[in-house]
Each structure stands twice: as C-alpha cells, then as structure tokens.
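Worksheet: one structure, shown below.
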Amino acid sequence: MTLLEEFRAGRISGEKVLHAFQAAPVADLGFARVDLHRSLRKGFPEVIFGEGKTCEQVAEIAMKIVQRDHRLLVTRIDAEHARAVRKKLPKAVHHQTARCITFEKNPLRPRPGTIAVLAAGTSDLPVAEEAAVTAQIMGNKVERIYDIGVAGLHRLLNRLEAIQSAHVIIAVAGMEGALPSVVAGLVNKPIIAVPTSVGYGANFGGLAALLAMLNSCGSGLTVVNINNGFGAGYAASQINALAAGELK
Amino acid sequence: MTLLEEFRAGRISGEKVLHAFQAAPVADLGFARVDLHRSLRKGFPEVIFGEGKTCEQVAEIAMKIVQRDHRLLVTRIDAEHARAVRKKLPKAVHHQTARCITFEKNPLRPRPGTIAVLAAGTSDLPVAEEAAVTAQIMGNKVERIYDIGVAGLHRLLNRLEAIQSAHVIIAVAGMEGALPSVVAGLVNKPIIAVPTSVGYGANFGGLAALLAMLNSCGSGLTVVNINNGFGAGYAASQINALAAGELK
Amino acid sequence: MTLLEEFRAGRISGEKVLHAFQAAPVADLGFARVDLHRSLRKGFPEVIFGEGKTCEQVAEIAMKIVQRDHRLLVTRIDAEHARAVRKKLPKAVHHQTARCITFEKNPLRPRPGTIAVLAAGTSDLPVAEEAAVTAQIMGNKVERIYDIGVAGLHRLLNRLEAIQSAHVIIAVAGMEGALPSVVAGLVNKPIIAVPTSVGYGANFGGLAALLAMLNSCGSGLTVVNINNGFGAGYAASQINALAAGELK
Amino acid sequence: MTLLEEFRAGRISGEKVLHAFQAAPVADLGFARVDLHRSLRKGFPEVIFGEGKTCEQVAEIAMKIVQRDHRLLVTRIDAEHARAVRKKLPKAVHHQTARCITFEKNPLRPRPGTIAVLAAGTSDLPVAEEAAVTAQIMGNKVERIYDIGVAGLHRLLNRLEAIQSAHVIIAVAGMEGALPSVVAGLVNKPIIAVPTSVGYGANFGGLAALLAMLNSCGSGLTVVNINNGFGAGYAASQINALAAGELK
Amino acid sequence: MTLLEEFRAGRISGEKVLHAFQAAPVADLGFARVDLHRSLRKGFPEVIFGEGKTCEQVAEIAMKIVQRDHRLLVTRIDAEHARAVRKKLPKAVHHQTARCITFEKNPLRPRPGTIAVLAAGTSDLPVAEEAAVTAQIMGNKVERIYDIGVAGLHRLLNRLEAIQSAHVIIAVAGMEGALPSVVAGLVNKPIIAVPTSVGYGANFGGLAALLAMLNSCGSGLTVVNINNGFGAGYAASQINALAAGELK
Amino acid sequence: MTLLEEFRAGRISGEKVLHAFQAAPVADLGFARVDLHRSLRKGFPEVIFGEGKTCEQVAEIAMKIVQRDHRLLVTRIDAEHARAVRKKLPKAVHHQTARCITFEKNPLRPRPGTIAVLAAGTSDLPVAEEAAVTAQIMGNKVERIYDIGVAGLHRLLNRLEAIQSAHVIIAVAGMEGALPSVVAGLVNKPIIAVPTSVGYGANFGGLAALLAMLNSCGSGLTVVNINNGFGAGYAASQINALAAGELK
Amino acid sequence: MTLLEEFRAGRISGEKVLHAFQAAPVADLGFARVDLHRSLRKGFPEVIFGEGKTCEQVAEIAMKIVQRDHRLLVTRIDAEHARAVRKKLPKAVHHQTARCITFEKNPLRPRPGTIAVLAAGTSDLPVAEEAAVTAQIMGNKVERIYDIGVAGLHRLLNRLEAIQSAHVIIAVAGMEGALPSVVAGLVNKPIIAVPTSVGYGANFGGLAALLAMLNSCGSGLTVVNINNGFGAGYAASQINALAAGELK
Amino acid sequence: MTLLEEFRAGRISGEKVLHAFQAAPVADLGFARVDLHRSLRKGFPEVIFGEGKTCEQVAEIAMKIVQRDHRLLVTRIDAEHARAVRKKLPKAVHHQTARCITFEKNPLRPRPGTIAVLAAGTSDLPVAEEAAVTAQIMGNKVERIYDIGVAGLHRLLNRLEAIQSAHVIIAVAGMEGALPSVVAGLVNKPIIAVPTSVGYGANFGGLAALLAMLNSCGSGLTVVNINNGFGAGYAASQINALAAGELK
C-alpha cells in the first residue's frame, strides 16, 4: 500500500498511481489469483517434463527450482537424466520404474487419508508408479495395490478392504481397461481412471482402454489421458487436499 | 456311374465323358462339400436377414424355405414383417425383443450341454435375445443370464454357477464391454464376446466395446461383429454340436 | 452365528455349515460391500436413464423407486416422459433444459461447499443442466456460471471469484473444448471437464472437445464421456461428500 | 473341515470360525472356482508374454514356473531371450518362427481331434506358428496348412479335405483378410480368424484384415485381436478340450 | 485461320491478332483438348447426379441434355424423379434397382467385348446395377453375374467361364469385400472393385470392404469409391473402348 | 484321355476313374484356369516382394524363378538385396530409385501403346519408378512425366500432349493427391491413381491422398493402395495387353 | 481519477482504493481490449447461429441486435426462420442458398479490394454463398466464381484473371477438395480453403476434402472447418480490412 | 510480334503461325501468370524441404538457387545438412531450433507491420521458429512471444499489447491447442493457427490440437497443417505484403 501512501504524501502524482495500477492488474491477477494454486503444490510450483529435454537442460532447470523451492518433481526421465541431476543434487531420488526424480529439503508430514494406486498388470507399473510418486511428493500417503487385473477377480477382491478405505482411488489399466469399471461398482470414493498404452494389435496405443474408461457404466469415475500417471496423481492429491480442508 | 457305362458301351465318346467331368467338378464340389455344412444347420439352410427387405419379400422367401425345410429363422425384422409372415404361416413365432421369427415343423430334441447367454444391461437384450433365439432354433438348450454388468459384481457372482456349468458362453455387452473379460477369468469354457452399440458419446456405435473385447486380457475369448447376436448364436451352436460329436 | 450354534448342538452337519459358507460369500460380498455405496447416494440407489425407454417403462420404474426411496432422478427424457411420470407423481419436477425429472419426499439440507457448473456456450446448457440437476438432487449447492466461452475471456474473468470459491468445478464445453484448460490455470480445485457434441464439421460428435480436454496442459483436470452431464455431477458430488467427511 | 472340528471340540471360539470364513471366501472363490480353469491348461498356469521383458526376467520367471509345473510357454521372444532361457533350461525348445519357447517335463498324449492352422501368406507364418505352438503345448494335434491365400484358390481347394476333417480351424491372414470368409463357406467347424498386421499402405497395422473378418458373411466365424496367435491357439484348444469331454 | 488472313489483308492490326491468341489459349485448351473426351462418351457429355436435386431440376437438366445429345444418364434418383422425367420424356427408361434413368434416341450398336458385373449379395444389387446400366448406355454389352459371394464358393466357380471371357470385370461387394480378391486369382483381365456400404456394426459405412479391396493380394485390381457404381461402369467402359481401338 | 482308354480296356475299374476325376477337378481347376493368367505375365509367374526377406532368401527365390522363367521382378529391396542377387545373377539390373531388381534373358519387343507414368513431386519418384519398372518388365513402353504437381499447373499443361497420347495413365501423388483429378479432366484414357505416403502432419501416412483420389470428381479414375506402384504398373500393363488384343 | 481524489481527501480508505483496483482490471481488460475488436465488425457485434434455435428465439435475438446495431447477420437458418424474422423486420433479406438473413439500416460503402469466392461444384454453393454473404455484410465487394472444379480445368483457367485480381480468395470444394491447391499455384494472394461435406462413400462428411486442403502443396493457403463458410468470409474480410488500413 | 511480321512478309506459312500459337499458350500461361507469384517471393522462387534429402542434395540445390537468386530458405534440416551447406556457402545462417538455413546476398528492408509469432510451450518452439524464420526471410519484422500457454493466462495477458499491435498473428500450440481460440477473442487481426504434434497419449500426433483449432469458436482464425510452421510463415507474409500494398 506504500504507493498510495506516497501519493497521499504528495511524493508521486495521481497519474503515476494510475499507471502503476494499469500495468499491475495482469501481474496481480497472475499472482493474487493463480498463486492460490500454490496452497496445494507448495514447494514445487513447476514440474519438469523430462521427455525431449537433454540431461543438461533437466539438471539446470532442476537446480533453479531447488534454489527457490523445497520440493522437486521431474517426470518422464531415463537413467541418463537421473545421473545428471544426482551429480548436482546427490540427495535427489531416482524412481526407476516411475521414470521420475524427486527431491525434498525437509519431508512434509503427509496429510490424512490415503490415495490407493491400483494397477491391472505388471506392464502398467511405470504409469502407476508415476501416479504414486506424484501423489507422495505432493504430500499424500499412497497405498500401492498392483497386479489385480479383472481376469483374476479373486486377487482384486482380496484387496478390496484396502481399496475401500482409501480417500481417492487411481485405477491404472491397459488392454481392455476394465479395472476402473469393476472397482467403481465396489467402492463409493472418487476414482480416477488412467488408460495405458499397454497392449498390441487393435489396442491403438491405448485407445481401446481410453474408450472403455470413458464409456464405463460405473459411476463416480473420471478419466485422464493415456499414460498420464502424473495428471492422475496430481488430481487425486488435489481431491485429498480438499478433503483435508486445505483448499480454500 | 452311368456315364462311364454309356462310354464303355460305346454310346458316347470319350470326349463327351471328359467334358461332362470338366463341367461337373465345380457343381460337385459345391454340393459334395458345402453340403456337409447341412449336418449342423439341418432344416434351415438359409437364414433370412430381414433388414432392408419388404414385408412381401420376407414372407415370400420364408414360405419357399418352409416348403423345403423343417425350420426357419428370420432375423432383424420388425412387427410389420412378423405380421406378414404369420399371415401366411400362423404357427411362426415372433420373438419381439430378439426381432426374430422362428418356425419349426416338429421341434427337435435339443442336444446335450447348455449355451449360456449373458447380457450386461437391459439395453443389450435385443442382441442377447437374437443370440439366444438363434442358438435355440439350431437345437441347443439356452440359459439366459441377464443384467449382470460389471458395475454390480455381486449380481454376476451370484449367477456364477450357472455360467460355469454351461458348455459355451455368449457374453453380450455395450458401453465399456468389460463383461466378457471378467467372465473369462472365472470360467474355463469357450466364450464368444458380442459388443453392442449401446452407449453414447465416445462409444462410436459400439467401437469402444469392440476394442475392449478384442484387447481382453482374458484367455479363451473370441469376438464377433458389433450387435451380431446371430453370428454368436451360430458359432456357439457349432461349438456345442462339435462337443456333442455331431460334426465330422 | 446361529448356524454355528446349531452345528455345535448337533442339529446340522458340518457339511451343511460349509455349504452355507461357500454359498454365502458372494451374496455377502455383494450386500455388505456394495452397500457402502449407499452412504453417498442415500435415497436413490438407482438412476433411470430415460433414452430408449417408453413413457410407461419410465413411469413404472420411477414409481417402484419412489416406494422404496426418498429421492428420484431420471435423465435423458423428453416432455412425453415427463408428462407420464407427473401423472403418477404430480410433485415430480421436470427440468426441461436438463431433460431430467427429479422428486424428493423431504428435501435434504445441502452439504457445505458449492459445486460450480460452468458452460462455454448456450448450446452446452442441456449437458450443464444435467450436471447441475444431478449434483443438486444428490445434496449439493450448485452455482451455475454460463456463457463464459474462451472467445470472450472477460466474461470468464468477471466470474472468477465465484469459480475460485467453489469446492469442485464442472466445466462443460463443445467445439474446441478449451474452457477447462483455461479454468485449470486459474483455480486450485478439482475440475471435471465435460465435452459436448456441440459443433459441426470436423467436430465428429464431440471428439474434438474430448481430445482437447484429455490433452489439456492444465493440472488437476479429469474428463468424463461426451455429453455425460450426469457422470460429472455424480463424480463432483462424490468429491464434495468426501470433503464434507461423509464417505468412509 | 478341521476348523469346525476344532470349534466343536471347544478349542476355538465361534468368532474365530466366523473370521476365518469371512477372510476365506474371496481366496476360496479364487481357488475353488478359478482353479477349475486348470483342467484345461494343466501344467502351465501362467504363460509368459516376453515382449518388453529383459532376458533375465524371462529366464527367472520361466524357472519359477518349471519348478511348480510340467509345461512352459513363453511367447513373443527373440533369440536373446531363447539363449537366456536355454542356458538355465537346456531342454527348452526355441520355436524361431513362432517366437516362442516351450518346455515339457513329460510330453502328454495329445487329445483326439486336430486343430488346423491355416495361413494365407508366408509373412503370416510368425502369427500362425504362435497359434500352432500354443495349441500343441496345450495338448492338441496340429495340422499346418500354409500358403493358401485366396488369390490362388486352387492351393486352398487342394487342401480342402485336411481342412474339413479338423475339429477346429484357425485361419490366419493379413492384407485383405479374406481367407477365413472363404473357408467358412467350405467347412462346418468352428473357425477362429486371426488378422495379422502384414501389409502396407491403407492396411493400418492389420485394421483392414480385422474389419474384413468381423464383417465376414461366413457363419461360425469368430475373431481375435490382430497378431494374437496365442489367443487363437488357446481358444481353439479350449474348444477341442470341450469336444473331448474334458471341460466340466 | 481467317484471323490471319484478315491480318495479312491489313484489315486488322498485329496487336489484335496477338490479343485474340492470348485470350484464346485457355478456351482453346478447354475445347480442343477436353473435347477429345467426347469420343468416349459421345451423346451424353454430362451425367446428372440426381441425389439432392429436386424433381423439377432433374427434369429440366435432362431436357436440356436431350435437346443437344443422343443419350442421357441420370443416376441416384428415386421414383419421384423418374415420374417427373418420364412426364416430359415418355421414352426414358427408369431402372428401379439401379436408381437410374436412361434415354437413347437411336440405340448404338454395342462395341465388341463384354463387361462382366459381379455382385456378392442381393443387397449389393443397387450398386451393381448402377455400374451395369452405366456401362450399357455407354455402348457396352454387359453380363450380370449376381449372388456369388465367397461364402458360397461353388456359385462363383459355376460362373467362372462367363467371368473369364469378359473384357473387363466389375466386382461389387459389401461386408468383408472379399469377392474381387478371389476373382483376381482366377482371371487375367482388368478388375474394378466396388465396395458397398452393405453391412452393419464395424462395417463403418463400407470402410471394411474398401480397405479389404485396397489391400487385396490379387494383382490387376483397382478400386473406386464406396457405392460408386457409376464410376466403375465409366472406367470399365473406357477400358473396353480402348480395347476396341476407339480411344486415340 | 488315357485313363478312359485304360478303363475301356478293362484294366482299371470305373470306381477308379471316378475317384481320379473327383480328385482332379481342383487341381485341374487350378491349372487349367489360373494358368490362363500366364498369357499376361509370361516369363515371371511370381513377383518377389523383398521387404522383410533376408538377402539370402531373396537371392535364392530369384535363382529358382530364373531357372524356370525368362523374366524376373523383385520389388521393395535395398542395396544389400541387390548386391546379393547380382552376385548370383550378374546381369540383373538394380533400379535404385524404384527399389527393384529386374532380369530378362532375352528382352521382349514391347507391345504397342505407351503407359504414361506421372509423378507430382520428386519425393513420389520411388513409387512412380516402381510402377514404371513393373510396366516395362511386363512388356510395355513407358513414358515418365515427373514433377508436374498441380501447384505448378504450367508444367503439367506443358506435357499434356504426351499424357494424352498414352494408352493408360498412372498418376502418382502424395500430400493432397490432386494430380489424378486434374489429369482426369484433360484426357479420355484409363487413369490409375496411386496415393503415396509423402507428406507430414495430418497426412496420416498417405490417407489424405488416398481419400482425395477415391473422392475424385474426375471420371475414369480407379485407385490402388498407398505406395502400391507395383499394383498400378501391373493393372496398367493388363489394360494395355487387353488393348493389344493379347488377353482372351 | 476521482477515486484517488476521494482517497486524498480522506473520504475513502486506502483499502477501498485497493479493492476497487483489484476488482477493476478484469472488467477493464474486457472492455478496453476486447472492444478493439469492434473496429472490424462495427454494427454487428454478434452473429446469430440459427441451427438448433427456434424461430421465436432467432427473431427475438435478431430484434435485440437491430435495436442496438446497424447490421445483422443470421447464419444456418431455414425458410421458417426467415419468415419469422421478416415478420418483425420486413426489410431483412433472406439469402436462400446461403441459408442466411441479413439486414442493414444504411448500407456501408464497401472497402476497396474484392474478395473472390470460388466454388468447385453446384452442390458447394450453400457454403460458398454463406461465405459470400458474410463478406458482403461485413463491408466487402464480392466476386462469385462458381462451377470451376478441377475436372474441367478450362473453366477455371477462363476465370483466372478475375481470380488473380482479387485481394483475398475463398476456395470452396467438397469431394477431393483439389480446387484450392490448383488455385494456389496460379495466384499470389491469401487463399482461404473451405472443405464441404459434399460427396459420398469414403468422403466421411468432408474429411477427405479437409485433409486434402491441410496437406496442400500450394503455398499461402490456410483452412477453416468443414462447411464453415461464415468463418472463411469473416477471416477474408479481416484480411481485406487490414489491407485497407482499417485495423490498428 | 516478329512471327506475324515473318508471316506477313510471306516467309512462313499461316499454318506455322497457328502451330506456334497452339504450342505457346501453355508455356505462356505458365510464365505470364504464374510469374506474378514472384512479386511476393522475390529472390527465392523455390524453398528446399530438407527432410529425406541427403546433405549433398541439399547443398547442391542450395548452390543452384543462390546462383540465380538473392535469398535462400531451407527447412527441416539437421546439423549435418547445415554443415554441408555452410561448407559451400559460409555466410549461410543455421537456425538450430527452427531447423532452417537462410542466406541473403543483401538483406532487404523489412516491410511495415510486424508478424507476431506466439507459442504455447517450449516444446512448440521448433515449429514457431520455423514460422518466424520463414516470415523474416520473406521480408517481415517478426515479434516472438513465447511460453504463453492458456494454463498460465497471466503470461498471455501480460503480452497482450504486443500481440494486439501486430498485423498478423501466428499462434502455435500442441496438446489441447487452445491458444489461438483465446487469442482470437482478444484481437481483431488475422490469426493463423498452427497445431503441433507436441503431446502424448490421445494426442494422436497433433490431431487433438488440429481438431481444436478447426473447431475454434473464435472468429478470424484459419488453420494450417500440423507442424507446418513454414506454411504459416508464408501465408502470414502474404497477408502482410497485401497490407503493405505490394500484391497486385
């Protein structure tokens, strides 16, 4: 409010105040409003999408973020990227299956409520792990429930209690993508369905699973893009943060 | 063998024998071999596909078949077609939901083994009934198990025994088409999956269900065209006939 | 536990106990577990999808539900259906734009937190209203924010505060489907994107908007099927119920 | 039944019995029911899909299966995988064209009835061989009938007798995928059509053949996913086992 | 050449000659060259595509053509169009199945060589007849060979001689579109394949047949658009005219 | 006819004659009829599709064909294949751009009439050359007219006379595939349109050009598969052979 | 600036000033910036898309616009809509082919430079006319050049001068959509290509023409949605206004 | 006019004059008309598309163009190509991100008016830079405005003034492709939308962004092919040249 004080004190003209405000709104808008966003993702305002970036680029951006923030998430990286980042930031963790790098200066206490990450088959694990790692670094407890594809219903039913007691469920499946539909009939919590490109032939890079999930007859189910583990982890975290009363 | 006798008797030339044989093979081939096909579909060598045919056309073809054979199956008809056929053939049965007409001069004793026809939702019934009616008129016992979509798993599991005890299973589903996949994990019998065009939005006229079924991770599952209840009933009957030792 | 007592008393055999248990799990599973689902949708365990059903069918199912439950939701109906239901149930409300019928014996007090339903254009209103009516009958306060397509950004920004203060946001858009992406950059709450089939040419019945939403660069965004206002309203209600601490 | 005896003897409480049963049903369900499945695939409860797995992973899983079971099938492997497996299991057979590895401790006597595997062109052989090898390791006699594409009808007709005398027919074809349609008109046995991705241009990775097979005017024909030789071999084996009276 | 004479006579300037020539080339090009086209389609330089035109429009254009030319072809018309044309031109012929109208002032003697028009099923007849009528009015003898779908190979083989003796073959088929492929293996004449939209489910309006024909392994086969009987008839006539030595 | 003589002489039974004939038709059919095909492609009954074959395989098949026939055509090969073939068959010609190998023992005199091969851009040359080489080895004179894409209409018009004087025209184009349409308006000869996969973005591997050609408003135009230069060359040769009076 | 004066005078608090400014930017942004848009479309800030609106709705919105503005454009209407509007606004003009209604209180003098609207076939006229009517009501001279499809190149070349002298060219075509490509090679002005849904078979509702235009090898060509005559007219007008120095 | 003089002098026949003119029109047409095109692209009549060409080919064509013209543009090249060209033409500039090479003998003064090139994300830069480099070498001032994706609206609004003051806007975006729609609502200048293939999953190589842009509800927006930066730069330059009064 110093600008106005300066104006009242006669040190600056009214025109100058006006110009300052005219220039400001957009930035203000940006910060005042978009900033609210930070209540959720405090500590890592930017997530690095590693694919298509060189090792140097990833390492450099990572260092910049770490100078400013307490947490770091890099997705879609390979072993080379991980080595490059860990050279500069030795405490960074490389999640091999998830193809992610994370780093936390001082780990937060996770918020109450778990996010269950379900995967139909072992080939779906990279996507499931990307979702799990994302949800964890964003401050959530994660329960991994893997290898419960619908062709072996008993394995799914065996883990039902763990699934039912989660706050939010992420269901990852390739091929025919039936897992989220079956789960939706067994629980009453929000389910985020993630189709994967696992499969061959008329799978068309995950299209079969995507269409199946969009057409699910199960209620309470929403869908993210094919292989988008990060998007599912982020959305689940946001729902869990809302449930924890964090988001205003 | 008279032709050869005639030849030996010198009443016809060798050239004539040759020409007769050269002309014959194709027809012979047609009858001798294709005819074997009749062992399965005895009594109704031709099935009438009613869609796009006028009432008169359907009635006329139906009468021709009945003069020659003991059984009749007309698919994809509406009430008008049914009236037209039943005017000429009062004992013909109109299966309203299945949109079929059947007629049998003297009902056959069904072969052993049942064919279970499963349907996920009530909107899938026309296709399921087309499959059931087809399988029945071809001489099979049919067990209808409807409204067992995967979103209500308990309803499916409640009927598991009936499903498991069938010889062949036809699983009909629209929307995400997950039913056959789930069933495939619970039984060890041949399953014929039938996608239906039930659904909306990104269903694309049954494409979602079709792709899901083709990409099923369940073993022992084969697929027919969207809404092709007849094809499923026919194939199931063929498998059951093979199991009954009828096909040579 | 009486079964075991009977057994210990020697009144029934051990085999009988075993059979009872073997038969039980499935039914138990069905009821004990799936039933939890009712905590959310108390009063209307079944939603009627009106499309493709006759007026009589809709009215009859509606009466059955009302005898058992306190609330009723029928979606995808036209004026004819509405008349048929209101003849039997005069207090039922016909939501014309939403193409829905609702009925409540004694209206519940809505849970805290609002669900904001956003629509890009006036042609998207039927889908937006379906979402809004669904969310309301499921016990939520709904804030409708319509005609805020991205081609007129100032209209969207003018309503930003209302959008930001909601618990959950449903963003409905046809054509290029950009609304959810833009909103995702301005709020930190869960956003459910609903593509509509509004448009022409290379719109392909809503595919353009669906793909845009699945590929959104905005975080925290999940997607439902084309025109699936009901699914969005249901999922949003589930998230809001979780936030209200109702779901266990 | 010992649990109940223990209970009657007063050694355990009724509550403990209840808990045991409550915990059991799912597993029981799994084993009691899914286990029936083993009557067909006795000796190899799990098939390894090699694609995307490292040599070490394949070899390790293979050894685990062999410790427990009498037969082994690994599909979609290359020469490297084969070497890795045969290093640990020298008697394993590498089927080069089929890209499969099989192993049998003591070969079973094949069940009666042959499965005919037909292939249209030489490029379709990898898929055809995958089907053939699968059917053989599952206990069936297999008759390979290759290079009988419809453009050379005489080659197909020359082998007609062998085709007609099989119990089940697997028809593998790429390009325009016409082989199963033509065969369906000549035999009265179940036909499983397998589209392959062989072709170029508007073939779209096998889509042309897949659509042709789904739209076939031949009766008794069902379809599996593009290149899914294993699925076809498995389903054919299941049908043949049913015909042999093995499946209950 | 009068222009040049006028110039030499000094009656017009050289500039005028130049302008005339500069203006001329385009028109000349049009007439001198495009006109050669008329050697084939003498008597009906324009074919009327009736679909989407009113009865009055069709009748009027038809009369204009008849005033100028000896032959008339109108395609894609219904009974109403036919009545309107025959009112003004009583000798016009309405080909009901072909949905065409033709008229010839004095019938031409057909050129040598027949064009065989093959159709797989009875539903393909409208397209086959459009091709046949087109080929006839363009001066060719046509041999119709219908109902020879590949599911009944003997019917096709029975007519082989007639097919083999034609100059050009038009093969019309819907569903899986296999007929042209099979025929291509049996003859050594140019084959024009015409996919039809006959079918349902994953037929996608003829796409299945179109892809099958484009991917045919049969040599000497070219394809026209779905349902484009006219295009096939025209191209076949052009080939036959070339064979008759008419085209220079 | 010796069989019949033997029979008349009493040296074999009538049954034996019958069996021989029953066995024969198929083979006879194959040879008697399919063989007619050789009148066109005399000297190279089999064309080798090199793609996916090893150098050894190609060289071996090539040698077998050359032992039996006077001409050889191998398509879709690379430099390695060419070296392997020429090592065994030094006089074989490697057509680099066309990716073909040809060999003729004693070159035939080409039949009258030229086949014009048109290409829109320089990237279309591999496909155009495959067509040209195919047409030449099959006994036709070929006129290559390249780089005449519709964006430079004057280049096309400059070569119009050569195009118009050909017997058959092959028009090869990628991207928007407009060349055949424009040519169809300028000539009255059969045109075979060949779409190529040249392009990027929404080209979808040649689909754009394929659809354009199928939807061409130009008459007398038929289409082959994407990049199918061989198919176009073969079909053009067949038409030219018909025009030359060779095909009966 | 009064707000600041009030503040300096101590009549309002600094906080109030801040809130006012924080609230203001968005609205200001909306009006100050978006308003610039009106320099182009002065007099008709809103265009009514008639499709899917009732006659009453269209008439009512039209009257509201006319009260405020000098010009009116309604697109995608039928005769019923036109009657309803002209009842209230007798001087409104119904453009039948264009399916548009326009109204101008006092016609503007068109800006310099013409917009040429080209159409390939007569079936493309509704879309071409929509473009032409749009461009005219927005203040441009329009030259209509119709029936110049590429199959009759001479007609196009005959009109070349008129095409070349336009400022902006709108090229409308269905079927293979080749017109814009050919025109792009002949002129050096901006070309807006409009695909139409005219055609059948593998046209897929205009997709063939759309892809052809997107893949055009002609430079300077941009594309709008299928059948989007309005969009083309609007964009062309904008370019012409820029050329006239109107847009700042 | 010497030809006519020769004729008048009797040195050549009238027939010779006629033939000369008949031969001439096409060439004349080509040069007289197509040449007008050079007024825009003065100095580089041919742009080299580097993809798929060898280093030698690119370098050779580049040298030929430079001998004849003052400017050179090579697109879609890699570092190898650049080295090869710069070896022969050391002053050529390699634009790494744009994957282009340019060369100017004596730089032109840019025409008035800027072209703003907008890019949504950093991955879109190669396409944006291709557009920018193209527009610059064609004589335009270019303003690059990058990293303004709609998920961070404040960044876009911050640059609004620069965007609004441009003559033509090129908006490049992948993923959901929403940028051009949002910009279209904020400016009144021609916008050329360029979809990029940036994204994954249901992005389908840029199809999602392409469809979004074609379906944009923003007016004045036209679209080029996926990744077609060159096409956008060329079209924008053409519009700007028109605005500068250069094109006649």
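Labels for the chains are A, B, C, D, E, F, G and H, by order of writing; each one numbers its residues from 1.
Note that contacts are C-beta pairs under 8 Å (C-beta built on N, C-alpha and C of every residue); 3 or more make two chains touch, one makes a residue touch a chain.
In this text the structure is predicted, and so the values were computed from the model without any measurement.
A.B. asks: With one step meaning two chains touch, work out the least steps from chain C to chain E.
C.D. replies: Between chain C and chain E, the shortest chain-hopping route counts 2.
A.B. asks: What is the set of chains touching both chain G and chain H?
C.D. replies: Chains touching both chain G and chain H: A, C, E, F.
A.B. asks: Could you check which of C-H, G-H or B-F has the same interface as D-E, with more than half of the contact pairs identical by residue number?
C.D. replies: It is C-H that repeats the D-E interface.
A.B. asks: Roughly how many whole angstrom separate the Cα centroids of chain A and chain B?
C.D. replies: Their C-alpha centroids are separated by 49 Å.
A.B. asks: Would you kindly tell me how far, in whole Å, the mean C-alpha position of chain H lies from that of chain B?
C.D. replies: 59
A.B. asks: Suppose each chain is reduced to the average of its Cα coordinates; what separation in Å results between chain B and chain C?
C.D. replies: So the centroids are 39 Å from each other.
A.B. asks: So which stretches of chain H touch two or more other chains?
C.D. replies: 26, 29, 33-34, 152-153, 157, 160, 185-186, 201-203, 207, 210, 214-215, 219, 225-226
A.B. asks: Of all possible chain pairs, which ones touch?
C.D. replies: Every pair of chains meeting the touch criterion: A-B, A-C, A-D, A-G, A-H, B-C, B-D, B-E, B-F, C-D, C-G, C-H, D-E, D-F, E-F, E-G, E-H, F-G, F-H, G-H.
A.B. asks: Please output the residues of chain G touching chain E within their complex, sorted ascending.
C.D. replies: Of all residues in chain G, those touching chain E are 123, 152-155, 157-158, 160, 200-203.
A.B. asks: State the interface residues of chain B toward chain E in the complex, per the touch definition above.
C.D. replies: 26-27, 29-31, 33-34, 51-52, 195, 197, 205-207, 210, 225-228
A.B. asks: Which residues of chain D touch chain E once you look at their complex with the stated criterion?
C.D. replies: Per the stated touch rule, the residues are 120-121, 149-153, 175-178, 181-182, 184-186, 199, 201-204, 207-209, 211-219.
A.B. asks: Given the complex with chain G, which residues does chain A contribute to the contact?
C.D. replies: Touch list, chain A to chain G: 1, 4-5, 7-8, 14-15, 17-18, 21, 24-26, 28-29, 32.
A.B. asks: Contact residues on chain E for chain F in the complex?
C.D. replies: Going by the criterion above, the answer is residues 29, 33-34, 36-40, 157, 160, 164, 167-168, 185-190, 192, 210, 214-215, 219-226, 231-232, 234-235, 238-239, 242-243, 245, 247.
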